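Dropping the structure in here first, questions after.
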């Protein structure tokens, strides 16, 4: 048994060390003075989803309105309506793509289940708005971000995605070329549905 | 009449009246504290510095707080409606008190020998009081010490729960090493 | 300006101010100036102390503390004060209006009264009362009533629990607090705080002052006094009446706005007053620690020591958990009170052995005094040590 | 751990009158479970806990499952005499399984570090005969979990000393975990861009609120 | 919510005519760790009855899960015990893997052990901080714990993308592979952690006030602990050797060399100390795992993200979460959604004997006893 | 300077109030409060006589007051202990209800 009071003294020494240490060692004082300084988000950081487009913000959207993400979204915050042409035929792009990020819980499942790498997670987190309702409902045009932006915030992941897409495209082109060649030699064969949704 | 005396007397008497007449007993106790402070101030006014300070220390610091504590412990703090505050024989009591007051005042008023000039205020240091206590008043002091000790023991025994074994043992004792 | 004139600058200023007035008004005005000076100084110190406490606690906890209002957050107390002022003053419907209103006033008033006898510097005691120590305890005795009034008048179960705790704690710790000062009174033979402070002046030619804390009984007395003072001031680890994690804010739970600020102020002022008394009794009052530092003004030393003790208060608060009610009571009655009585005996032994002239008498004097204190301390804590201690764990 | 068959036999032997049924589990990862009738559940539970070979002293997980009445249509071949010739017909047979509620206990042994033995109790139906035996006297750990089942499924536990709602408030109507539970129409409109909320609001209020 | 009169009778020995004080600790109380209420009847300051009341955060997680696919429930498990999302993920993934018969690759197993033990570190450190805060230590230990937790959360963030709601594990493995840089950072955190533990040790374990406050308080006897299904550090503080990492050897815990500390008295101090010692053991596991982690895939190739339909049947999968046994009971009918989805929350079940531990103690003890149970209301209420 | 009779009358009134409180109130604690008031009235007299009498240097009056205060404190402690014991026994502190010497004539 130690001397009574020694435990208290040990504690006092410890707090005194921390008191002094907070002035000299940055490791002890971990607080970030947020509005003035902010830590860069790590590469894997995820906040709210966005839609990736190539070249054109509207036409170039990779999204084909397949609604898999809408179905899988745990809090059901995605709302998609596919574009239809005049005859009512479903076109493979969204007319409406809304995400209510006041409901979204940043789980990344939409990005994971998307077979087209069309929806990805943003790292932007300063999204506070003055209006409580509506302002946090993001529409297609708010959500559309370029592939360059994606490459900037998630370089590693984006490189993988680009490689995969390039590979897919090459395969499709090869297939199309083969089909064209096949179509060219025997006459009248129908063109194969190259880009059917899986 | 000295205005200081007058003010202090009024405060003291008001406090005393409040202390016996108010319904809510916590108010009574607080009024009692006011009376005590008033009396201490009167002591100081008389030049009895030491007695005045002891009055505050003992009466305000201890007696008033003890009374307050007792009020809380006996749950008599809340004056319930419909419960009589005054005893059945309150008229007799009031009459007795009035008679006593009349007697005393009559005696005081009829004693012309009391109307004398106060002598010069005595210079009485704390050291002097202490020395007196330790020499001239030593025996009473010792007896008082004995009395206080007896009181303390008595009060503790009186206020102790009757069956200490029946009560749940407090934490540390219960958690003694097996 | 000489060192002496700087030392007396406030006293001289007051005299100069008084000399402008007719003779008859002077005593009254002198009192008023003293009161105003105490109020101003300690209200400012209260503001500074809240800031220091928050900063200090922050640094102890590896945080920055307030640093947004003004440079380094120095204007934080202003912001706090403004917030307190403009906050709604909430009065519970069931509350006893008058008592609820009077409670913070009673508390702050009684604490403020105690300042009247503290010597803040050479010739700077507002009143040099013959029975200064007695006055100090008498004046601060009424704080208990303030706490009770607050707790009872709020008509909340939490605040009632807090008030009960507060009263029990303050009564229990009042005794060791008073008893631990008796050693000093015995040795100096005076109840006057000015005289006690003067007795600790560094003697001519000596380096170290004759502070009472440098004697074994004085050190023990100081520690006992500070322990009891922490409890009297309701500061951690004895902040049970507040008991933030148990009874939320105890007797203050139904207070808001400025009344709450008054309670806070009362707590801090109580802390300063107790520290001031400790300084005067044990830490050499307004005297410099070393004779060669005597050039600095006496009030500087007083306030420097005050801030040092304040730092100790904050340090304790940042380190220690709270005791439990029964443990607190046991500590007061079964350890602190006997120890302060033992300390009285030690002080007696010390002052009687002052006449010893044998060789080695100094050492014997020290050893006997220290033994007289340490052995009972260990003996008194034997029950606790049998029950509580570090444990060894086994592994499966 | 002894085989479940043997366990059942021993339990039936030690608790007279108890009939235990082994309920198969389609998933091979977990053992099949023992179904015990509520009348003998307590005795069987005591046996399971105190039997020196089992010592199932730890009721890890206690939960309810709701099985509403189901009607499954199965194709079956029926032989029938038609005109003196035996012919096989394909008919659709409706199989009706009455609904019931189930309390499932996952029992382990901390003493012998074995388990699990899964114990089930079934109620008679889903409306009136919803009482099963509380096993809280045997395993104190079932106390809150049985309360939760009572709260969310509406199974009454006979012998539970403090059967109150656990998560929902006193006075709540219905048992929300039942599969046919319909949320009460206490919809409170709050302007939001969320489509289904707006849809609900439209349904709820006579005139759609201006948003 | 109106305070309904508790229907349970007062315990024997408490006469009605004694001056009892009924107070409601919570739901807004500094030390109920969330919206939790204790209906306490006091005799003076002594507790004569205590009924925990909860459900303020009830969102019927189980019902929600029955209406969505298996994968969609994964992010919701993060929100159960929001201090330990990784272990929640793990328990759910474990149960689904059992149901679907998926094999977790070695590397993923190691990753799971690493993040799981890091979770244990941060949970225990914070719990001790909260507990001493309940004792009145002004949050100093809590702040130190948060400082260390911050470092671990940084690791989680750079791995999974989110600090607290990690949603990291998938059926049959993990979502993202960890990089060598991450491993390096994790090693540094693990190497620095003992220094923090020593700091904590000096500040708390031999502190006289902590010992006086916690020793002999809230004693939970061994038999009652077992009978009341108490799990986790609380159970081991009562001296029962039951750690699922040893008993079930789920994952790859049989590959690691670690010990299970056991308490003797079952009081609050033991619960603090068991958590201390468990942190030290977690560090040894972490060191081994970080040393031995093999390369390889992190996801079972049979695992499907889209259109995942496990076979029919029922399973109960459980792991040793920092707070105790966290189990998931799943009944599948072969459809994409679980037929029945049940969480066995350790916090809730450990609360069963809260009243037993608090009776006869002071209200100040009740607060730290509650603290030592280590509850998170997200898990209690679900 | 206030003449002596004023002091005496003040203390008489105080005494009378205390006596009235003692006799009129039902609550035992109030009776104690009345007694305290009477004791204080006596103390006031002691101080007054000391101040106005001869031989003020001898401090006899102060001594009387000091002893009286000490004894009064003791009396309060014992009195309140009695009150609390009474309350434990009878659940009441009304003096007119506690008129039997035995405890068990009323249900607790």
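By written order: A, B, C, D, E and F. Residues from 1 in each chain.
The rule we apply is simple: contacts are C-beta pairs under 8 Å (C-beta built on N, C-alpha and C of every residue); 3 or more make two chains touch, one makes a residue touch a chain.
Just so you know, these numbers come straight off a predicted model, no measurement behind them.
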Name, by label, each chain that touches both members of the pair chain A and chain D.
E
What's the fewest number of moves from chain A to chain E, given that each move must go to a chain touching the current one?
1
Average the CA atoms of each chain to get its centre, and name the chain whose centre is farthest from that of chain A.
F
Select the chain at the greatest separation from chain E, using centres from the mean of Cα atoms.
F
With contacts counted as C-beta pairs, which pair of chains has the highest total?
B-F
Chain occupying the middle, per Cα centroid
E
Interchain centroid distance [CA atoms averaged], chain D/chain F, Å
73
So, what's the distance in Å between the C-alpha centres of chain F and chain B?
6
On a C-alpha centroid basis, what's the spacing between chain A and chain C, in Å?
60
Intercentroid distance (Cα basis), chain E paired with chain D, Å:
27
Among the residues of chain A, pick out those that touch two or more other chains and give their numbers.
2, 4, 8, 11, 14-15, 18, 28, 30
For a test of understanding, state which residues of chain E touch chain D in their complex under the given definition.
1-2, 4, 7-8, 54-55, 58, 60, 62-63, 66, 98-99, 101, 224, 226-231, 240, 242, 247, 311-316, 318, 325, 327, 329, 331-332, 339-340, 342, 344, 348-349, 351-353, 381-382
Quick check: in the complex, which residue numbers of chain A touch chain E?
2, 4-8, 10-11, 13-15, 18, 28, 30, 41-46, 68, 71-74, 105-109, 112-113, 115, 121
Write out the stretch or stretches of chain E touching chain A in their complex.
68-69, 71-76, 78, 140, 144, 147, 150-151, 154, 157-162, 165, 167, 175-176, 199, 202-211, 305-306
Which residues, counting only chain B, touch chain F once they are in their complex?
1-2, 5, 9, 12-13, 16-17, 19-21, 25, 28-29, 32, 35-36, 39, 42-43, 46-48, 50-51, 54-55, 58-59, 62-63, 66-67, 69-71, 73-74, 76, 84-90, 92-94, 96-98, 100-101, 104-105, 108-109, 111, 114-119, 121-122, 124, 128-129, 132-133, 137, 140, 144, 147-148, 151-152, 154-156, 158-159, 161-162
Contact residues on chain C for chain E in the complex?
57, 60-63, 157-158, 161, 236-237, 239-240, 243-248, 317-327, 384, 387-391, 393-396
